[in-house]
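Two complexes, one shared chain (chain A), two partners (chain B, chain C).
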Partner chain A sequence: MTDRSALSREPAGASLPARLVERLWDGLIALVDAPLAALQRLVGAERMAYFFLAPNLIFFGLFVFVPIGICIVYSVTGGAGIFPFARPYVGAQHYATLADCGSYLDPHSCQADHFWRGVRNTLIFSAFQLVAMVGVSLFTALALNRDIRARGFFRAAFFFPVLLSPVVVALIWKWILQRDGLLNAAITASGGQKILFFVEPGWAMFWAVFVSVWAHMGFYTLILLAGLQAIPRDIYEAAEMDGTKPLRVLTRLTLPLLWPNLLVVLVLVLIRAVQTFDEVFVLTGGGPGTATLMVVQFIYETAFANQTQNFGLASAASILLGGLLFVLTLLQLALARRKAA
Partner chain B sequence: MKRRSLLVGAVFAAVMSAVPALAQTTLRFTWYSDGVEGEVMQDLLKRFEAKNPDVKVVLDTVPFKAINENLPVQLAAGQGPDLARVVDLGGVSPFMLDLRPHLKDAAYWTDNFGPFLAWMRQPGDAASIPGYMTQLTVTGPLVNKTLFEQAGVALPGPKATWEDWAKAAKAVADKVKAPYPLAIDRSGHRFYALALSYGAKMVGADGKAAPVDEGFRRAATLVADWHKSGVMSKELWGSVSGTAYRGANEEFKNAQVPVYYSGSWQIAQFDKTIGDAFDWIAAPNPCGTAHCTGMPGGAAVVAIKTTRHPKEVARLMEYLTSEDVLSEFYARSLFVPGHLGIAKKGVAYKDAKPAAAAALKVFGDQVAAVSPSAYEAQGYVFNRIIFNATISRLGQAIAGEGTLDEAFARIAADVTQQIAERQKK
Partner chain C sequence: MAGLKLTKICKSYGRVDVLRDIDLEVPDGAFVVFVGPSGCGKSTLLRAIAGLERATSGRIEIDGRDVTDERASERGLAMVFQSYALYPHMSVRQNIAFALENMRLPRAEIAARVARAAQMLRLEPYLDRKPGALSGGQRQRVAIGRAVVRDPKIFLFDEPLSNLDAELRVATRKELAALHAEIGGTMIYVTHDQVEAMTLADRIVVLNAGRIEQTGAPLDLYNRPENRFVAGFIGSPRMNFLKGATTQDGRIAAQGFAPIDAPVARLLPAGAACEIGIRPEHVHLVDAQAADATAKVELVERLGGESFLYVRLADGAPLTVKSAEQTPARRGDEVALRLDPAHLHLFDEAGRARRLD
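Presenting the complex of A and B:
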């Protein structure tokens, strides 16, 4: 199966520790080689791929597919029991509860009004976040791609918030935005009135989007920066020689060539926005009222925060959300394939 | 040499024979803390372990939220601890162990914890003994006396109404520029003190949940109106969604709240953190048209029925409930006693500052003033469903999402739906 002599890279005159390491390596290869060679003879070379995929598949199945299966079982059973066998079968009752609406555009007419408020808020949040995140990330990537002073520092500075836990991010901003926070101190110091950011629905949604963009833009900037650096320099040099204006360079050269990366960013941002929970939950608690209540918070509260832990209804909502994410993931895969082609 | 070998052999044999005697039973004890009671309990457990070397007790301190949200899941999955400190007594009652077969003197428990044991029992059960109260709490107003003095506003008297308190709080706040005139915890439990004072019942004559009645409507209307008129700030009730709890502890400690409606469990914390910054007092519960009542409540340590060591759990519980140990716990934690015998004798709060000692006296007196309907509401097995639906929907109305009538309809629907879901077999 393996040419052991080829793997032995012991150079002449190598030091004793290096030689020992090489020997150890050869020994390990020999140990693995024999049983794998026997297995390959038994199953054939084509099927060996399954053997190498098996550990990951088992792990993935255990922690992803089994929970999805359990979630489906929960969504068609009722009661407060935790074990599936202790829960009565209710069919599509939970799905019917979620779908029972006078008008889907008016959450108030729905039986599960909080779910639909969550859907509406998630859509609003996603739309604003998508535009803001892509716009800010693109602008930052373009700026960081230029030959500016302290470029390395700025690249690190913009990426730094990505390293922070979402809960920490939300707590920092909560401290800044509260009644006696840093921002209100600055406003009052400059002669203004305190603003209760978490009492006004518009402000609460604005800050939810802002904080999310602040925390994650570094990651998307990095993707776009990689795309920008992959664009050949000579195209820009040719444009410069032709006397093309900067705005035209951006719209006719940079953006079209960056489009594959932009598409990936668009889909990733959208998926993440739909899944949003931790930052917004810690920052606004879903309020004021239900102005920033997202679908995932509805699922969490339905499953855990009430005395009746309604795992059935929460699971049905999770399955619907999972379906939406599945569609978005397919979109991402299709776009990625198109990019590769 | 031979003699030495024999000696070593004898010592080895002695050690090996002693091993079974030293084998320990480990008890897992899930706990949360509001103030200093965790440290006190840790100290008491050390003493228990010294007296009972065969038992080791691991105190797992978790956030309060985990007691209501994570522990029930653990218990339902059969993965719970041996004993736990809980507050949702009705909700956790299906998982509690009846300690009677393992207790030396069950009468001691019924004599001293009798009225509170009913809170820990399931409907139809009139005899089990699952645990004891680590504290009896009662809700009530905490008042920043210094702010009242600075504003030159007289403190409302013992029979003052909720409206009187609201008016006084607003007058003080306007004079001293305090942002939160009257703060009430965003909690259904605290709201029910107001509702019961105006005649709410929670449970109908048929024993079923009847959350929205005239008293409830009156109280909800008052709270909504107070938000509109600036007596209450939207930052507590209107700024978050769903069942989230919001207190005004920090705001009270920072002298931003003239009147804070919370409860006796805040005393230890305020005693420690306010110090001499300002004078604060506990006042008797404001009156409504029906009562001048607070909501009783508290936390209980209960045995969990999946424990594999019921005898050791009972032994630990007997130690913790012995009069001297429990008296010390109440005294050092600054808790209103949930043990009738100790309450009758009185607790000497030696470590309390004068303000805390006076507040404890007020709250202790308030226990006697709690209305029977309040005890009934606290003992109702589905009370947390009603509490949660109340704050969730009332919070929406306060934030401007719909009218009060719509909120009332939603509360009734939420409660019916959740109770039906819980009873599905």
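Presenting the complex of A and C:
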């Protein structure tokens, strides 16, 4: 397993503490090495991989695969019972409830109208967020890729919001946007009238998208910046020698060469937009009314927040959402593989 | 096509001076090679001419017009990069046509020019391929095609063969020479490979530490180097250098050798210290009776038509000997040597060459 003789080699003239640390290290290695070597003799070198994978697999299974399995069971069982064996089998009833719509374009005509409102809002949110996020991230990455002053500071500044918890982000912006918040104080100080951002549906959705873009654009900017920096500088110099105008450099060289990174960003943004919950929930609570209610919020409320907790219906909605995310993830993986190739 | 004139070009990065007072004239149609060791400033000089680097001071004229403050795109030059710098997402055809599209030439003319360049560079079978599907040599030809098609005032080449293997490098070198003969353009070529410099250039510019050491025809630089640096840099294997002095009887005493009657001895007063340079082909293997010195063989390189012997003189000085035939000498053998007095180079203590002519 380990070359102990190599590990125990001490540099000539090493100090006493260094030699002690070296000895201690050798002892620790020997402690781990002996049982592993015995195990390897028993199961063979090739099967050792399963042994090393097992802890992660058990952890993953316990907290990912088992809940998925439970969720599937819940989605085809009814009643208020928590344990699966206490829940009667109802087949596809919950899926039928979700799908029961006069017109899918009109949530009012649906039995689970909040679910379809959530779907509609999530689609609107995703579409606007996709355009805004990719546009802003691309613009920022292009700017940060130039030889500007304090480039390192700006890179850190744009990335900083990514490090914040979504709840903290939402609370900060709630404080800014509420009726007596910072923004309204600025508006009234400059002679304007207060705007009730969380009362008007259009404004609420706008700020939901804005805050989400503000919080996450640093991450996507970083991906695009990495892509931009991977474009060899001499390609731009060749373009300069070829007499290429800046706009043409952007459209004919930069964007096509950045396209693999852009595709990855597009899919990642879409996946995250479909999953959106915490920021919007804390910022608007899904309101006004159901104007910013997203699918995940519907699932959360149906399962845990409503007076009658309907785990079955929430699980069925989760499975549908999971299916969509699964497709998007496959797409992202395929794109990543194509990029690597 | 056009000539180029550089006047007192300097380039500094902060406190580091990369180019110092470069004065140079390149006549219309010449093939000039900048050569020098790594970090000597040759690529920086080429990029300053191209407009990709701004000279800190000095003046650049192309065809009599001051272009010092013009952008690279306005100078009408074409450059072939060391890395080829092809646009990877475009086909060979699109790569070659790109600059012409920038010039908004009619489609028919673009197609005609691309076809002509492709024919000249034997690229016709690859026009619809992407650069990633080409070999190194083919990519290099596309890069040259991209330059040729624009009909530039001056072609600039930045170590264009350094990414090719030895065989391809020789073949592409010949193609470049043929290209220059065919289109007759002014070409400025940067390399650290002196074989490329010697074989391609009408004129070589030897750079060292940001200064021009010597400018001249390849054989002029080889036969009549102006200083110790040029003498050592031009020629492969490099020139041998031996400490020496002139004797009272007007001869030259080179380190490890018996005093030699050489015409250059009269250039220095008797007893003056100097350095003696002699190329490996001018150190002859002779019989012991005719020898000026003996040396021990440390390594023999047999190339077939010629051999190189790396020997060490009795006082420890290393020497390279080129023999025009296959030598039987082996490592550890003692060989007798004689210097050709007509081909001795003499350098004073400042490293300047002292010549009779």
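Just a few scattered comments:
Here is the rule we use: the second predicted complex is superposed on the first by the 338 of 341 C-alpha atoms of A that agree within 3 Å, B and C clash if a C-alpha of one lies under 4 Å from a C-alpha of the other, contacts with A are read in each partner's own complex, and residues count from 1 in each chain.
FYI, a residue touches a chain if its C-beta (ideal position, glycine included) is under 8 Å from a C-beta of that chain, and two chains touch if they have at least 3 such contacts.
This structure is a prediction, so every number in the text was calculated from the model and none was measured.
Partners chain B and chain C fit side by side in the overlay (superposition on chain A). In the superposition on chain A, A:Val199 makes contact with chain B only, while chain C stays out of contact range. Using the contact criterion defined above for the overlaid structures, shared-chain residue A:Gly79 touches chain B, although it does not reach chain C. One of chain B and chain C touches more residues of chain A, and that partner is B. In the overlay built on the shared chain, the residue A:Gly322 is in contact with neither chain B nor chain C.
Look at A:Arg179: by the touch rule set out above, it reaches chain B but stays clear of chain C.
When the shared chain is aligned, chain C comes close enough to touch A:Leu257, but chain B does not. Nearest C-alpha atoms belonging to chain B and chain C sit 50 Å apart in the superposition, given in whole angstrom.
Within chain A, no residue touches chain B in one complex and chain C in the other.
Residue ranges of chain B in contact with chain A, taken from their complex: 68-70, 72-73, 76-77, 88, 90-91, 179, 234-235, 238-244, 246, 382, 384-385, 388, 395-396, 398-402, 406, 410, 418-419, 421-422, 424-425. Note for the complex: chain A touches chain B at residues 78-83, 88, 90, 108, 113-114, 179, 196, 198-199, 201, 284-293, 297, 301, 304-310, 312-313. Residues 232, 234-235, 237-245, 248, 252-253, 256-257 of chain A are the ones touching chain C in the complex. Put simply, chain C touches chain A in their complex at residues 50-52, 71-74, 77-79, 81-83, 85-89, 98-99, 102-103, 146, 150.
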